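The same subunit A turns up in both complexes below, where it pairs with subunit B and then with subunit C.
== the complex of A and B ==
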């Protein structure tokens, strides 16, 4: 078990290195140079050259990449933002909690709405409890999150002023963004929970439990759900990463200072350190979440735990 | 997969066992699936309207500004109303749909081709090739796809072609994984072994023996990815890194409507509904296709 955990943690290193190299390369071929972005249109060629030299932007690509890696790994320095003149770390420290909060709330909404309704519609297959949520889920899965956000903003903020349209001054500010991110994912989790549950309740041991005369509620929520939970947990884990990195449009719409919007403004301004820092942190978090999902498997399913401890599981 | 063998009863002397072709069988199952049929009908209507957009409303109406007519609510003349520059929203939505759907479909096709080539190489050869390819796929998949697409668009410059490349690039890892799994599942079948023993070239084995037998899950993934690509392209345009104005595109129309949210909310409702209708119908068709290709998966 511990060996497996160690190996999985080690795997994050090459993935992060790969991510940093790809993003650095893409940023390097992006037209424009940082000095022009910093100085704006007014800068003279001399100033531009001087600033580019100060930033080390005039050196060859691989030297710059090596230097970035050296500073990031050895000195734990992700560089200084070209636009704000503040360190990338301080920006990330400010924005990461906001992003994690929004993602967690959205995921909570998605799971608390999606999973129970999905289980219910599987149990009551082909009834109104099944068709109505399924149709609604299909509809919500097709909605672009930013559009849903605008509609929520229109109804719950402009027409009936309950929640603020922008900003996160109080908890109320988190409601609309979390809803607009959470509901499409709720739809997805509903479909997953439904199909996973349908598969489980057809199995023999459920029939045995029924034959024994176990109460219906206990069969569904204890016996069946525990086994149906694995695919659901996988999808929740994957969704965490998707929401965390994909909340860009929603963050922009509701003016939430999250990591996603930091990367987007960074891309637009060719602020290489900000983009690199943001994406690297996002990808490390996503890898960690997937690791946690894998470990949760072992917690839920004793068969997998047994496999780990015998060391039979192949490397992923 | 069930292959119904039909046996004509009228002439017992020569019993003919006829196996219906796989395509017919799939089409038959699709026809029985009501949501899939509805999806297909909606999708066909949208595609036809978008294809013949020029005959329904000329492109000029979508880009000619007419400040006198600005922000008119939906009426007989302007079905969807007019936007902040007095342009007919119906025309903008139709012509915008051309671009949105074109990006959705062509980026799906692009990533399908790339995904099938790389995925079948990884699945067929295995070993080091597989390891190297899949590790690179892991790396690309670790970058949030929308941020990846944004960075690619920023690097290449905002244009329709670059938007297609960016969206396709961020979608390819998922397709490679699906293709690889599918290829792995048929790669050790006897007929593949037989073809190998007979000295058939690798390319021919993949192309003739393996791919036709695992095209099902790949088709489903590609259909679903069209819907996701339409959403991704709309998101990129919404963030201002997509199609340049005044060219209409569903995402950019919604983005432009932001400032009129209070006064003219129809400006955001109509293009939004069109996005939902097209992704919804694509998802329905994808679901139907999955059930038709493999009835065992049906829940």
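== the complex of A and C ==
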């Protein structure tokens, strides 16, 4: 088990290196250069060349990438933002906790709403407990997040002023963004929980449990759910990465300084150190989340645990 | 007076979907005596498992429907019981061994826990955990598994061992009736013999009544006191094991079943199956359901549903033995 854990942690290194190379390449081959973005339309060619030289952007691609890696790995320096002139690390340090909080709250809401309702609608298939949540889930999965955010803002902060519309001065500021991010993901988890449960409650061992005289709630929550949990955990893990770096619309709408909007502005402004720093941090966190998901598998299913211990499973 | 523990009267079960109605079990009656074993024999799709599951009310709720009949356990009709009442019977008075041990055990629970549960659901008020755990050890030793292994998960056991665990779960509460639904079908032949003789021994020592569902006449010969032959949802021949294996009069289907067993003493190139297939269970035919495949079919067989011919304990549902004909032999 420990060997498996160690190997999986080692695997994060090549993954991160690969991600950094791909992102660096994309930033290099897309048109435009940092100086033009900094100076705006009015800059002369002379100024542009000078600033690009100052930033080191005039050097060949591989030299720049090597230089970036050297500084990042050896000197633990992720560089300085072209646009803000502050260090990338200070930006990340400021924004990462905010993003992690929003993501965690959203997923808590999503799984606390989605999973139990999904289980219920599987158990009561074709009844009102099934069709009503299904229709509702379809609705929440279909509407855009920013629209849901605006509606929440309109109702819960303008009409009935309970929560602030923007900013994260107190815990109240996290409620609306987490809701508007969480509800669509709740819909997704509901669908996953439902289909996974439907498959599980048709298994022979559920019939065995019934034949033993087990009460229905024990059959559902003990015998079935534990077996149905794998796809649900997987989707929660994937959702974590998605929200952490991809909640740009919601972050913009609620004026939350998160990682997603940082990276997107960085891309627009050709702010290469900012983009690189943000995405490398995101990819490390996503790798760790996937590792946690795999460890949870082992916790749930003794068959997978046995595989890990024998060290036969090395892939992500 | 025979000591009946279970009596099934005129039971009919249908599966209803939007598209069609499947007549799975049609008007069957049989009874089970204390300490005896009844074998229900028939080919795949004959309705054996449906009949067995109905005894525990384990049929899929939405589509199955018991059209008529009674299942009497003592003086209670199981079909009329509420969910809470039937739960007290399941695993406690009537237990079931399922066909496929590979899928019958929960993969994420230890076998000890799975046996413990069966006891826990039916424990007496005030029973302590240690007592139940002790009983788990007892039951495991009974089926020949070391109690040391109760912390292991199903995937750590072989098929035969898993079936032993399934049997341990079924026997944990010492049920009055054990329903074994093809308990050896999924096992290889050597393990089959082991498991069968173990079931038999345990049944003897606990004086449990048993319904053995199988398509294997060898299993029936080895284990059963009474035999019921099922075809297309009907019991076409019933009797004691002696009636079925020694009597000269048989339903042509039963003859076909015996005929399809390979005989080691006779040199034969191929197996001798019954030609044709079972009739479509969604269609009700007026005559005998076996008529289409029957080598002795007469005109009357296609038109009229045969009555039961009774001689002592032996009952055959066939026109060949109707009144006036039974004196032929």
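Just so we're on the same page, the second predicted complex is superposed on the first by the 295 of 316 C-alpha atoms of A that agree within 3 Å, B and C clash if a C-alpha of one lies under 4 Å from a C-alpha of the other, contacts with A are read in each partner's own complex, and residues count from 1 in each chain.
We adopt the following convention: a contact is a pair of C-beta atoms (placed from the backbone, for glycine too) under 8 Å apart; a residue touches a chain by one contact, two chains touch by 3 or more.
Only a predicted model underlies this, so the values are computations on that prediction, with no experimental measurement involved.
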Contacts of A:98 with subunit B and subunit C, given as first, second, both or neither: neither
First, second, both or neither for A:110, with subunit B first and subunit C second: neither
Partner chain in contact with A:249 - subunit B first, subunit C second, else both or neither: first
Partner chain(s) touched by A:301 [first = subunit B, second = subunit C, both, neither]: second
More subunit A residues in contact [subunit B versus subunit C]: B
Touched partner set for A:287, first subunit B, second subunit C, both or neither: first
Where subunit A meets both subunit C and subunit B, residue numbers: none
Contacting residues of subunit A [partner subunit B, same complex]: 14-16, 18-19, 22-23, 26-27, 29-31, 138-139, 141-147, 150-151, 153-154, 158, 194-195, 198-199, 241-242, 244-246, 248-249, 252-253, 260, 263-264, 267-268, 270, 275, 278-279, 282-283, 286-287
Parts of subunit B lying in touch with subunit A, wherever the complex brings them together: 35, 135-136, 138-140, 142-147, 150-152, 154-155, 157, 227, 231, 234-235, 238-241, 251, 254, 258, 261-262, 265, 268-269, 272, 275-277, 279-280, 283-284, 299
For the subunit A and subunit C complex, residues of the former touching the latter: 126, 203-205, 207-216, 223, 226-227, 300-303, 306
List of subunit C residues in touch with subunit A within their complex: 56, 58, 62, 83, 87-92, 95-96, 98, 100, 103-109, 117-118, 121-122, 153, 155-156, 166, 169-170
